[in-house]
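Letters A, B, C and D mark the chains as written, and numbering starts fresh at 1 in each.
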Amino acid sequence: MSHNSFGHLFRVTTWGESHGPALGCVVDGCPPNIQLTAEEVQVWLDKRRPGQGKFVTQRQEPDAVKILSGVFADERTDGQVTTGTPISMIIENVDQRSRDYGEIAQAFRPGHADYAYFAKYGVRDYRGGGRASARETAARVAAGAVARKILGGVTIRGAVVQIGPHAIDRNRFDWDQTTENPFWCPDPAMVSVWEEHLETVRKAGSSTGAIVEVEAVGVPAGWGAPIYGKLDAELAGALMSINAAKGVEVGAGFASAAFSGEENADEMRMGNDGPMFLSNSAGGVLGGISTGQSVVARVAFKPTSSILSLRQSINEAGEEIDLRTKGRHDPCVGLRAVPVVEAMTACVLADAFLRHRAQTGGGAHLPGKVADR
Amino acid sequence: MSHNSFGHLFRVTTWGESHGPALGCVVDGCPPNIQLTAEEVQVWLDKRRPGQGKFVTQRQEPDAVKILSGVFADERTDGQVTTGTPISMIIENVDQRSRDYGEIAQAFRPGHADYAYFAKYGVRDYRGGGRASARETAARVAAGAVARKILGGVTIRGAVVQIGPHAIDRNRFDWDQTTENPFWCPDPAMVSVWEEHLETVRKAGSSTGAIVEVEAVGVPAGWGAPIYGKLDAELAGALMSINAAKGVEVGAGFASAAFSGEENADEMRMGNDGPMFLSNSAGGVLGGISTGQSVVARVAFKPTSSILSLRQSINEAGEEIDLRTKGRHDPCVGLRAVPVVEAMTACVLADAFLRHRAQTGGGAHLPGKVADR
Amino acid sequence: MSHNSFGHLFRVTTWGESHGPALGCVVDGCPPNIQLTAEEVQVWLDKRRPGQGKFVTQRQEPDAVKILSGVFADERTDGQVTTGTPISMIIENVDQRSRDYGEIAQAFRPGHADYAYFAKYGVRDYRGGGRASARETAARVAAGAVARKILGGVTIRGAVVQIGPHAIDRNRFDWDQTTENPFWCPDPAMVSVWEEHLETVRKAGSSTGAIVEVEAVGVPAGWGAPIYGKLDAELAGALMSINAAKGVEVGAGFASAAFSGEENADEMRMGNDGPMFLSNSAGGVLGGISTGQSVVARVAFKPTSSILSLRQSINEAGEEIDLRTKGRHDPCVGLRAVPVVEAMTACVLADAFLRHRAQTGGGAHLPGKVADR
Amino acid sequence: MSHNSFGHLFRVTTWGESHGPALGCVVDGCPPNIQLTAEEVQVWLDKRRPGQGKFVTQRQEPDAVKILSGVFADERTDGQVTTGTPISMIIENVDQRSRDYGEIAQAFRPGHADYAYFAKYGVRDYRGGGRASARETAARVAAGAVARKILGGVTIRGAVVQIGPHAIDRNRFDWDQTTENPFWCPDPAMVSVWEEHLETVRKAGSSTGAIVEVEAVGVPAGWGAPIYGKLDAELAGALMSINAAKGVEVGAGFASAAFSGEENADEMRMGNDGPMFLSNSAGGVLGGISTGQSVVARVAFKPTSSILSLRQSINEAGEEIDLRTKGRHDPCVGLRAVPVVEAMTACVLADAFLRHRAQTGGGAHLPGKVADR
């Protein structure tokens, strides 16, 4: 129930403000005897790290993660393994760039959480967005790295499929392309379009939205649960909790509203490896339970709220002001969200795996086999 | 953590299968001294009830709700009030229409949860979809009726904004129209188009998807919480948990991906009643916390999976079959989802209200006022 | 977090008042494919049922349980099995004996929850104690019956070890005796002492306390978890939640305060079946995790609060009154608590089993075996 | 549900091993605008700190706490206040005293959690007990310091009422005495007896148990909740989760088993300040809800498991060994448990306060007043 924890059995609690001394997370419920080093976690943090290109914020943060608990020497491998106790990870804030917040300290930046936090709490750490800063997502990525280790055979990968009004051509979708450009773009023909669009936006001091797609390949049938424990419902909640997310869809998503029943309901046949589906409108989930197909979701991100244009707002004193948000910001937060979308997907799946194992012992009942009740 | 419970402080647990003797819910955490009768709950159930038109299932269920606990005579009003103890509500299944399930008992209907339940549990109540039937949503509507009583001044209303490929014209959006036609349609010019589309679909034994919009007017600023307790994240999880939901968006949602920063970030001025926003791209939520604007969300529903066309599938024995799904079904489940979308929104908001009151005592800090820390 | 739910993965929600139409529970998280009939649940309810002797309340309740959901026909056995969906059980109240509550409706009976409920909620169902009545424990016993089915090889048994000032002689402790007398007494020499004591108490219109001991035999090593998920902490919370419980101890319990380190720390040797302990001061739990020894706990119950003596109290109007509590009451609630203590122990263990299986896959690492990491 | 988190709305997650780099906690759900500095937390940690006398472990740990998040400058006071976001606190381990663990690394020390952790996880941090070390309780004390700030007018104080076989004389009970001796002893005549007993035990390389009593004065009526959210049940679970705890009782506790109904049920009168009770057998809780009387509980602690006597045990290889536990240990862990018992009580009460405020708005309904429903 706590507001800063996520998951049921694989449970992540994050803490920290943008300009505080550090941020971090505690991962509870991780199975024991899983090899885990800080270096393995760092790999994923490096993918999310700001300061890596002109289209992301210039704040320089090494985001070096330390593991403070929950692992122990593994004598068989000279490495270290999880012990089943809570894994505490910490990332120190280095580049907090001390400055005078002046007007900003009392003002509500349009599109930001400033006003909402003030209204709720009556006090807020206004430096860099405080708790509402996207820096918090570094802790999610660290937790996601642990989740990936639990998931073993499941591959989780993300791509950007739209920036501003420019959507990719799905006929050209190639996962291998996503690592070949700075935009996680799976459509090589779209790269230059996006680059030009982002450059225009950046020069104008404006920003732009994006849509991120995530796919989990290798999820066995049977994960998730009916009603309020539905895998897609958990995923929707998790992905919508990411900063700037405004929409989530699974499988055909909003497009399925225009479908006929025939287009929607994926047919089945028996393949060489067991049951197979002839299409994936469902996005790998039926009745809230995984089917063995790839789990597919998309998340819409609004444009970065910090823009250079003068905007109308008010301040804590209730005065009307005109505000320009300076600072080191991304023109497109969606770009940096990809590793976060992947991490949240990993956390949801690790949790679903543990919950499934709890209730059923794990595994799936396959048609044609004598059920091992 | 339980799969069939929803909410944190306003907590709803539902139970029951489509063709079992009854279904129901237990609502825990309701504040005491709220007037509540079965008749008031029935009002909302009647809106959801099947058998009310040719475009919804012909199953005849009175859906008469009984309150079994948690209320007591209120001597001051001759009515009854909640006591703060769990409210158990039950709805008996009447029209289970006994029949031979034959082939269906072993087959996996495409688009349905049949295969997923089998894979997970190795056993399933195949009658009418069992636990995965949309009948479970009657219990949600009953719980939502209680939530509405807690919310007092908040108005929650839903509309259908798209059926199949036919979206309404938002310039003609009129909430008053939604009660004037059987489609919850806010655009009078669209009614005949939908009627024709649904008739075509029904005659073809096919089905069609839809998009439902919900709006909560009167939500004060300050509800919701950062990070994993975000109001929009809770809402996304809740709405995606409804049968056949495939996508959820808040405010401008997916459209915001194509926005510029200027279009996205709602500006503020001081109005006569305090802070006001000049637009509502945010959908009433910033940083996961309500701003005092209307909370707006949309949910995409896939077409009903039960269609008369012959479809390829497999059965429990692992044999390939061709299947036609007969029965009493809606051509458009989205139509019946409106009261459910409203109910889930009410439950999320009631929960957010209680959580906000727990941490802060309730209320909001308003700009220009001396904060009553 | 809900106040009327218990457990994490094996999760029980109870509802109902003493004089309402019915009471019941919803059991969520039960593994699928477990044979379960209402008759099997009834066995345990019959043990708890009032009206079975002159030393328990004369209220006549058949306590006939119905299962409304979560089970389905098992074709292989002609029986029925759990489906993994929520199991809703209901028990109708039959003997509510309508009467004029008169003064009692406004008065606070000493030792009862009347005043506390009024202070908290400002409204209460005063009939027979409402929600605070021991009738609620019938729902616990029903849930416990399901838990026992999950636990398979674990035997859970309870005994009364003290009534009033009369404690059994532990040298004469014989589990087989507990079914040979109406007091769950394991010491045959104590039966007549207790009978005389209870008769004296009953005739005086007074009441007496008791201590109940529960033992779970066959719990494998490894259940439970560190820190706040400790098996003994969960057990303490569960047992203290039973009506009239005032104390809980595990293993040597309060006596261990007077122990020396040598008396306390159970030594180990290798037995034929693996590790064995030479004593059980720990009560089967070390560091919050089961060790494979029997889990042993004791619960102290205060005397029934309803007594015939005139007692000083106040009423809702704030007036001082003298009150005599008539009605059909047990002179010793501890006697009827035995099946409830067993049921709560079963629920805690079933939950611990599922949680252990979630995190580790189940099973235990045994010394001398190559760890199957 | 996570094993290392505690509480519902005031939620504490702790992490860290005895000989890892640090330990700490994250406190989520704290109300905003509460003044809080590290110095205020340090006060309570200093009370728990080892190395303060010859009867507690000689490990030298400054236990200096740092607050890493969740607080912000309060301009009105030059101090700092909570912001409503998670409060992360960290305590570095300084005196881990590197040594060769040799035999201990593979051996199971009797009375310790070694065997249970091995059986559950197949891997464990054996240095100083790892996660099972009492060092974890430092994090509880830090969290308890925050809870105390929330509780304002409630005073929580602990005393040792028995060490080994030597119980205090309750007629001499004087809270003021508890700060006048190193044993938290409220009975001045008992101090020299305990000192002699502890010296004997220490010289013998043995250890002894103890009973700690805790009292919370100023808890208003209405906190807690029926059934599974009972204040005394929450307290029992919390206190039993403390290292070495073997029993918990509330009010008259186990003694009430020998009571008559007349002795047990506390009578009421109207006092100058409203309702008052003439005795407190209940320990301030009826039906799981506070009554306005002092909440009183006692916890039994077993003797320290580490003793110098040679003891029989086994090791990971399944070999029988004879083991002597050297190290820097307390002869009586109960002594150091007092601040931990107080802290857990504070956490339970802060949580109960927030839960009560959530459901009812806070406050209590008093007899004779027009209920402000």
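What we mean here is this: a contact is a pair of C-beta atoms (placed from the backbone, for glycine too) under 8 Å apart; a residue touches a chain by one contact, two chains touch by 3 or more.
Just so it is clear, the model here is predicted, and its values are computed rather than measured.
Peer 1: Which neighbours does chain A have in common with chain B?
Peer 2: Correct list: C, D.
Peer 1: Suppose chain centres are the mean of their C-alpha atoms. Which chain sits farthest from chain C?
Peer 2: A
Peer 1: On a C-alpha centroid basis, what's the spacing between chain B and chain C, in Å?
Peer 2: 38
Peer 1: Express in whole angstrom the distance between the two chain centres, defined as the mean CA positions of chain A and chain C.
Peer 2: Chain A and chain C have C-alpha centres separated by 44 Å.
Peer 1: Would you please write down the residue numbers of chain D that are in contact with two or more other chains?
Peer 2: Answer for chain D, listing residues that touch two or more other chains: 1-5, 8-9, 14, 29, 32-33, 81, 84-85, 120-123, 131, 226, 355, 360, 371, 373.
Peer 1: For chain B, which residues count as touching chain D in their complex?
Peer 2: 1, 9, 29-33, 81, 84-85, 226, 354-355, 357-362, 371, 373
Peer 1: Can you list the residues on chain A that touch chain D in the complex?
Peer 2: Touching chain D from chain A are residues 1-5, 8-9, 11, 13-17, 20-24, 26, 28-29, 32-33, 66, 68-70, 72, 74, 81, 83-88, 90, 120-125, 130-131.
Peer 1: Using the touch definition up top, name the residues of chain D that touch chain C in the complex.
Peer 2: On the chain D side, the touching residues are 1-6, 8-9, 14, 108-113, 115-123, 131-132, 136, 162-165, 201, 206-211, 221-230, 232-241, 245-270, 274-275, 278, 281-283, 285-292, 300-307, 309, 311-320, 334, 355-356, 360, 364-369, 371-373.
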